[in-house]
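A, B, C, D, E and F label the chains in the order they appear, each numbered from 1.
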Amino acid sequence: MNKDDRKTIMNLMRESDSFFKEFGLLDDKAFEENIIPKKYKELTMVAISIVEKCEECIQYHLEESNKAGALKEEIIEAIKMGMMAGGSVTYPYVRHAFRCLKEYFQL
Amino acid sequence: MNKDDRKTIMNLMRESDSFFKEFGLLDDKAFEENIIPKKYKELTMVAISIVEKCEECIQYHLEESNKAGALKEEIIEAIKMGMMAGGSVTYPYVRHAFRCLKEYFQL
Amino acid sequence: MNKDDRKTIMNLMRESDSFFKEFGLLDDKAFEENIIPKKYKELTMVAISIVEKCEECIQYHLEESNKAGALKEEIIEAIKMGMMAGGSVTYPYVRHAFRCLKEYFQL
Amino acid sequence: MNKDDRKTIMNLMRESDSFFKEFGLLDDKAFEENIIPKKYKELTMVAISIVEKCEECIQYHLEESNKAGALKEEIIEAIKMGMMAGGSVTYPYVRHAFRCLKEYFQL
Amino acid sequence: MNKDDRKTIMNLMRESDSFFKEFGLLDDKAFEENIIPKKYKELTMVAISIVEKCEECIQYHLEESNKAGALKEEIIEAIKMGMMAGGSVTYPYVRHAFRCLKEYFQL
Amino acid sequence: MNKDDRKTIMNLMRESDSFFKEFGLLDDKAFEENIIPKKYKELTMVAISIVEKCEECIQYHLEESNKAGALKEEIIEAIKMGMMAGGSVTYPYVRHAFRCLKEYFQL
């Protein structure tokens, strides 16, 4: 799903039921800057996205972690954590993460 | 996989080994109209498909639940249950469900 | 964890951070009586708890579905759906569900 | 659940609904001696039980693989496959497997 | 991801951090010919790939198991084990496996 | 499993096959102090342990994160991330985390 389609769908969700708006606000709250800085929260989500084998989540949190100040080297550390925790069944998702990394940082 | 390809593959499975035919019959039995009506069984499968992060399952059970009488509003309730149970890692699958909903009900 | 301990811990969670209170309220909202009746929502959660292999969730939603009016036969249908969707790795959790059922309905 | 309780519960399941009997027969069929020998099927289930983090499944398939002729060394190979595929989150289940192995083979 | 892209990405991973090279070597070690023959290890991975719902893993291990000597009939047995263990939520992945099988063996 | 038993089993694993020693070393490498500090790596593992619903992992990483300097408030943030990412099926594991927290920090 491209970013425009995603926006259209997110609007449709929020208009359909206030639950989706509230879920989004609670999600924002859990991942906002706090005693754990935003950068490390996004890096944690990179690792979780690998373990949970979610391609779209990987790309999103990889970009968000960079926007929150994470360097390429820190993102690679997060990918390593996800791969170690999730095992060899995460291989295709680790490769996906590196392809996103390659495009995003023009490696 | 489009519906024609799916049908071809399902035939190949059943011809290859009677196990796949019997699995299909048992699956039909578990989800047929019974003391829990078919409609609520299909809505349960919409929720499970979100939790289990399976795009093809989401589209299939969304359509089957409608064929069994579920309204758009009931399908949205099922999506909410899946999202609440499965957490924010289900986001891309909830968006997929809403895109299917948009196309199916021409929203 | 027995019910008293669970209550103590839930209070500790809510006192520690308002997030847990808000998560609980959103969870209540997703599973409250609505266009899908509470009973079918709880039965859906019985099926999801089997698929997700969570013992404590199975017992909780089995009791809640009964409180919302579900008969033993409907709960068994929900267990069947969970087992069919989740496969033979759910066997120990299906047995756990039947043990809870046996105690709860004094079979 | 000890083996007597498990037997009682399995009987209750089969008496409650023929679905559980049929599911059991289909499960037997998938794992019976065939072009892949029973021993390797049980060893595959040891690996899957590690990946799926199911303690009761680990003990069951470890014993069944031995009954089908698997040596301690083959079971250890199966545990390795499960750990490699499933990653470090399987650690407690790998330890559980080795504890079962220790008791079963009196290491 | 096609095989050339996959190779490029695997090289990028290994150059970025020695962890990925070592993970690969450990993975090779877990799945190399040993007291359990390579063929049965690859068939185990076909089953695990179904349970874990990973399309790219299914295609890879299906081809590797054939290279290690597995017949079409043995691969089908492995798919059956994965489907039985993982339940009806694996349906789209079982179909994917049969499509790969169809192309690979020109059925 | 208490800590003494765990140590005995870990020794048995490492003596049985060098794979387990190498897996342990690679795991240590992925989670050692690096461009991401040890503390944040352990907090990431607290969140992953909630999402992956592993009780023993939760207790272990909660203690390790504290040893690496994490405050109670930071651990609670990590639990929140895990709960938000993993949804309401993580409830029993979030409660388990708070019970560990209560005992560990004598709340």
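Just so it is clear, a contact is a pair of C-beta atoms (placed from the backbone, for glycine too) under 8 Å apart; a residue touches a chain by one contact, two chains touch by 3 or more.
A quick note: this is a predicted structure, and the numbers were derived from the prediction, not measured.
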item: Farthest chain relative to chain F (centres taken as mean CA coordinates); value: B
item: Reference chain C; chain at largest CA-centroid distance; value: E
item: Gap in Å, rounded to a whole number, between the CA centres of chain F and chain B; value: 35
item: Geometric centre distance via CA averages, chain C-chain B, whole Å; value: 21
item: CA centroid of chain C to CA centroid of chain D, Å; value: 26
item: Overlap residues in chain C, where contacts from two or more other chains coincide; value: 19, 23, 26-27, 30, 48, 51-53, 80, 83-85, 88-89
item: Pairwise touch network: line, ring, star, complete, or other; value: complete
item: Touch list for chain A against partner chain E, complex; value: 53, 76, 80, 83-84, 88-89, 91-92, 94-96, 98-99, 102, 107
item: Residues of chain E touching chain D in the complex; value: 26-27, 30-31, 34-36, 40-41, 43-45, 47-48, 51-52, 71, 73-74, 77-78, 80-85
item: Chain D contact footprint on chain F (complex, rising order); value: 1, 5-6, 9-10, 12-13, 16-17, 19-20, 23, 27, 30, 48-49, 52-57
item: Residue ranges of chain A in contact with chain D within the complex; value: 51, 83-90
item: For the chain B and chain D complex, residues of the former touching the latter; value: 19, 22-23, 26, 29-30
